[in-house]
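Going in written order, the chains are labelled A, B, C and D, and every chain counts its residues from 1.
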């Protein structure tokens, strides 16, 4: 019995294990789509019933998977407190908690169902590498994040000084200016806030010329460490 | 006769073949421009007559070219079901189909005329390389597309949670939030939807700092595989 | 006399030649600033008088420089029809032409004064290298420009098909859609035109995911050939 | 006594020195946050009292630190006129000056408190490297900044010529067009100004295709020199 389950839930080259892995991945995608459809307004009651049935079915299978994994694990506490053990628990917990909870906190609880997406990491080798690469480049990323945040803060204070008097509704405080700062320096530029004074525009001019190079660095580090992380993966297997 | 046509339609260094290739390319560009002009509103009836005449002329020549290519092909079924065989057929089919069809489906049919653009690939070596490079990097691109799509989905769910109550008309469901997600993470930032709550803005702040690096990867892979694809092309010939 | 002028206008290490070069550069910048100020509305008549005086002074010196260069050139026709010979002429011609011309064409003529900016290239070694690099990478740039233009055109036709019915005022024809196409694929995203139909948004989604990588290539080629062009310049001198 | 202070304020491996450095960094962050909160409108008087108390406390400590550093320096004038000496002075000066100054200039004076952020550079090795890298790449950056500025100016003049008549309120003069130019070429694209004439749009089309590659260079140089600057830092210590 234990061997049968072990063969089923732990990755190996047997046909049964591969089919089970594929089935779980299908359920993850299915439950994510179900989750998205549930957010649509004006759903018919029948549709809700179907969605709830799918959700319940997914949770049952995920619970079976979680319990099986604990059952077959050699070191049970180690699995329970491992990354995937916690993710597997978080994937089913919201469903069970929702019975004993009032409606208002339900929405946040439902969001937690999205942790199921992380269950996919188990089946995707590239994403494992990706996670490892992020951890490896962690130090460099944090360091440049600090420099980037300082630049964003500096830009926010500067624009606050120039624009606060002209547009007190948009640049009310440094915190409001930070929104302008991030939207501008990432070149998103929604157009909800922008400088209108001559001083503010000249300041934006120089901040953009210099700042884009600094904001681009964390982006570049993440990009290159991810690219490196995937390249060797094709050789290994 | 067959040899004459073979010399004409199949690429070789003879003057006649080169002139024919140039003529076909000219007709492709001409018919694409004709197509664009036809979309202009308030065209005079005379203009329409001229455009239709040009279109008919192009189709006659393309039909002659298609039939000739079948005629001179050693392995006729192989050509007919090859990439270029299908493209050549799709380039003329809409014209002939439009006679027996009611007006409402005409518009979609007309769009198919654009497949003529792909006929250009035959004459452009770099674009052949380009197509090959895309096929070669297919696996890597698909893999990162999945990670990118997961990030975009994750951002959409997050912003839905923060903004749905404040802006139910823009962030109606996760599907609507996906539009915000793609427009923001590619830094296009039209400004039709953007977060207005403090939570949504802080969420956007962090998603932008981290997400730009992830979205940049498929872009980078396509870019670099294309650049590689063209470099050797200059040496070969 | 000829030797004196040759020493003055032709670049060498003498103090006099360096001072003259610096003086000419100063006048170029001055006349560009003068040009910008002239575009300000509601200028006082006195200001206009001063600006015109500065302009006349610059033209006199530039004319003296141009005539001197012809005078000292060993091969006069070669200089006159060289890049810098033509630029030097274009820098002064608008001023002289403006006497015999009616007011309406004056505005375009005034724009030609901007060719003076190109006179700066003579004094800036990096910009010479830059110009050479652009010429060297010309073929590659043209090739990818064609692919980029095809993508932009393809995106324009696609969005026209999806959005024309819903927003006939913004996506009137393929030509209007091209404006959306370039603004979106370069991620500028002004927000004056954007898709509102579900089909158009899904189309934009995929065009952005794939298209950004293609549009980034000409940018990358120009960037890298420019960077290469400047690096050796520091060693040479 | 002098030795005691020297051990405290000058970086060494003693526990006391590390704690003092950490304490100063904490105060810098604290005073920056205090500064940001002060810009919030509608602050309660009690909050203001607390903020002022924190500010006064920070200034007292910073003054003690500054005086100690002068006291323990072997070459006192050298320290006072060094980069960090001036930064340390600027960090406390605004507070003392604010006593003898009327209210209207207070706002600018308060901004100067932000120089405290630069005090962090002393404690952050990566930022020291960063500063050195910027100085090393200074020449290249200036050179490409000139080319970039010329392109931005050229784009501004071009769009002024095309759009001035159609939108005199947005493209009033070349100076107003410069705002459009920087916002477009950095792909921020707020959407407050954009071309509406056919000529202006075609001009924007080509400026975007070519210009993005040029504007990307200073960004790339800053990015790469920063990345280089941090890499060796992990080896050194």
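The definition used in the following text is that a contact is a pair of C-beta atoms (placed from the backbone, for glycine too) under 8 Å apart; a residue touches a chain by one contact, two chains touch by 3 or more.
What you see is a predicted model, and the numbers here were worked out from it, not measured in a lab.
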Proportion of interface numbers common to chain A and chain B (over half same, under half different): different
Chain pair with more C-beta contacts, C-D versus B-D: C-D
Intercentroid distance (Cα basis), chain D paired with chain C, Å: 31
Centre-of-Cα separation between chain D and chain B, whole angstrom: 44
Residues of chain D whose C-beta touches two or more other chains: 187-191, 220-221
Chain D - residues contacting chain B, complex: 187-191
Sites on chain D touched by chain A in the complex: 32, 35-36, 39-41, 107-108, 111, 114, 117, 120, 124, 126-127, 130, 145, 148, 178-179, 182-183, 186-192, 218-223, 226-227, 230, 234
Residues on chain A engaged by chain D in the complex (per definition of touch): 139-140, 143-144, 146-147, 150, 153-154, 157, 160-161, 164, 168, 172-175, 184, 187-191, 194, 201, 204-205, 208-210, 212-214, 216-217, 220-221
